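Structures for review follow.
Look for chain A in each of the two complexes below; its partner is chain B in the first and chain C in the second.
This part shows the complex of A and B:
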């Protein structure tokens, strides 16, 4: 079933991705991630000494600050902060720098749909740029469902409003490893099929959700490849940052 | 002999308690090995839940929900407002969630709890996106007057699965809601009639809408599960939530459609099979909660 999208994309086509790192002078790590017209700037400061109250001092703590494009920080921004913090905590190796806090600040430059996935991808690239130890990367994607049950990837703001339901999914990236094939499989499923984060809006059937999961995997592999290429090329081009 | 036995018993208890505090993860994993939880529940069993309708006399609809020790009080106040120009024939629902310092040792006075705005957002997302309430039904006169329903959920005791209890109390409060009768006075303004007026027909003003119940298109119920290694624990307590950090919240409506599947990060990855297990557990839980809510409603009607 073909669906006409306002920008002429096919259902499975993502908007053009762009990622640039090390763009802020004073931050320990920074990245700018854009998917079409959705642009998010991420900055990482830390690890700084000490953790906040009620945090486990035996582990590193992550703090996320969300800056909206305009207006005050409301409930939606608080929710984004919590989801981002929990997502980033799950990919960081928290035992390496105990009793430290790393702050990740996200500035929305422009919102044209799929904002949270874009921010997660930006935060992930900024953590790599800052040299924070990570277990693996996280790749985020937005899938939306039309009334007839077909899946549309990476919707723009206009499409998001028209859709029956949409969901933000975060998967681990596909790991290239020297370990033998299969060692990264859990119960016969490759690790990158596990969901780190899932946030849904709107009503859908369970089958539709599982269908979206599959499409999400496929798309996340493409974003993962893009992220890997972009990180490698910039690492080669800019050796001074590593020192 | 008796006294020495008693002290021996006490020592044993002290040891378990110390172990629980010092090695919480090992304490819980040791239980999971035996397929049991520290409060003697099997892994997939939710805590005992109760719903009491009409807990707040001054509100138009209210309910108190308890899941284990977690206690939520929900109350709805109806107010007449002018509808927005974009949707002149629709009312509005405003949802807020409060965590006062009495609910948990981790909430300190003067500092709002971090999760409170997030749960409020989740609640309003679930209730508005599911279409549980027909907003057109809250309209009084097109473009001039409509109902604004203020739903406030107060957490009185936070012992895990906050969202589940908050949603249960919110849904129960909506099913208890009585929309007051309204009339138009001489100036053409819409005024609500107090209950006595409505019953006694004392007011001379024309009644444009009688006192009525709100029809709910569907009923939402949710279940939070913890994923830990290969285990799935339904309806966690606050202690379990703090030790095992991967939570999945599934919201289903009465026709088993998925309203929300919420997993904010966590060290354990959820594979499709685990997701399906969580949904199956929620389906089972929906039946339980439906029964509890129906009983509460029929108890109310008898009174």
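This part shows the complex of A and C:
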């Protein structure tokens, strides 16, 4: 089931990734992540003293502020904030700096589809830049399902409108390990097979979902490699790009 | 046996690591007593990384991840530069760029008694030592060394303080003297105080000299040793 994509990509092909870190002077950590024409700027401030009401003061808390490109913050943006906050909470080690708040601000620079995954990747890179203790990294990907049932990765805005259903998946990155099995195992499965976040829109069958999961996971390995390379090279302070 | 296991983990040392990497496996190590520094955590037998940076190892058994941040997390025995924010009856409240304000007890000075409490105005810059830094408490500072002497701690008058990253401060404090300070020190005479929290204070005979030293340090972060020397020489040539 080959389908044509407006930009001539194959179904599994991602748009070019780019990531630069430490680009804002006043933020404690910042990153700009782009997937094709979707660009998100993330800034991390903190850890700051104190947590908000209703938060557990024995743990660090994370707040997420979403700044849309235009217009006011609506329900969709509030939902994005919530998803992001839950995702980031699960990758951060919250017990190291108790009773502190780390705020992550995301500014949408341009939206050309797959916005939330792009924002999650940006936020993750910014957290690393700020030196916030993390259990592991997170890589996010958008998979979409066409009417004919084929899976398309990283859709652009134009493609997104034509899709039957789409899902945002967040996976742990593939880690380098000294353990003989090569990686950490949780309940007999390699850790990078875990899912941190899964958000679905539209109607899809269980088989389609599992198919998406498999394809998304395969693609996340590529993003994970890119993230690792960009984090490793940027100790030298030069931005990295991948085609 | 120097604590280094016989399997491959040596390959991680002096390499860039990212959060989640498992760098040591305790079950395969002969000497299981190791010291973990910043950026590492223990998860049963696996030692994994929490921050992106370079994994360092120091004989016999110390491991840590070296990274550079704009934010400081207080650690006991660090010397830092703090700014007085407020003064209370028993403590001065000092900002050390950490998550919480630090307390400097009014008696934590050489020969400090209730009679001779020093007066610091809000905004004074102090060179202090961190004596307590436990989670959930405000860190505590002291203006004396471990034996109660004033040593070099205390207020820094005049001069200019600027903020850099923790990586730069560590580079400036490293021994042998880092190339940028060595090159500057050959031509100019100036006073410098470096806090591990990324604050640097410079004082010299003239304002232009202070600015030159500050600029040289701030632009040295991403440069290698020889490049730092060239950069300093260029700055000095323009200065003279």
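We take it that the second predicted complex is superposed on the first by the 231 of 243 C-alpha atoms of A that agree within 3 Å, B and C clash if a C-alpha of one lies under 4 Å from a C-alpha of the other, contacts with A are read in each partner's own complex, and residues count from 1 in each chain.
Following the convention adopted for this analysis, a residue touches a chain if its C-beta (ideal position, glycine included) is under 8 Å from a C-beta of that chain, and two chains touch if they have at least 3 such contacts.
Computed from a prediction, not measured in an experiment: that's the story for all the values here.
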Query raised in the report: Is A:194 touching the first partner chain B, the second partner chain C, both, or neither of them?
Result: first
**Report entry** Partner chain(s) touched by A:128 [first = chain B, second = chain C, both, neither]
**Finding:** second
Requested in this report: Report for A:204: first if it touches chain B alone, second if chain C alone, otherwise both or neither.
Outcome: first
Query raised in the report: So, does A:172 touch the first partner chain B, the second partner chain C, both, or neither?
Result: both
Query raised in the report: After lining up the shared chain so the two structures overlap, which partner does A:76 touch, if you call chain B first and chain C second: first, second, both or neither?
Result: first
Query raised in the report: Does chain B (first) or chain C (second) touch A:86, or do both, or does neither?
Result: first
Requested in this report: Tell me which partner A:213 touches in the superposition: chain B (first), chain C (second), both or neither.
Outcome: first
Requested in this report: Name the contact category of A:61: first (chain B only), second (chain C only), both, or neither.
Outcome: neither
Report task. Jot down the residues of chain A that show up as touching in both complexes, chain B in one and chain C in the other. Result -> 172
Report task. Enumerate the contact residues on chain A facing chain C in the complex. Result -> 27-29, 46-49, 58, 91, 93, 96-100, 128, 130-131, 133-137, 172-173, 175-180, 183-184, 227-228, 231-232, 235-237
Requested in this report: In the complex, go through chain C and note every residue touching chain A.
Outcome: 5, 7-9, 12, 16-25, 28, 39, 41, 46, 48, 50-54, 67-71, 73, 99-101, 135-136, 221-222
Report summary line: Given the complex, residues on chain A that touch chain B span 54, 74-76, 78-79, 82-83, 85-90, 165, 167, 170, 172, 186-187, 189, 191, 193-206, 208-210, 213
Query raised in the report: Where on chain B is chain A touching in the complex?
Result: 106, 114-115, 117-118, 120-122, 125, 129-131, 245, 248, 253, 256-267, 269-273, 275-276, 279
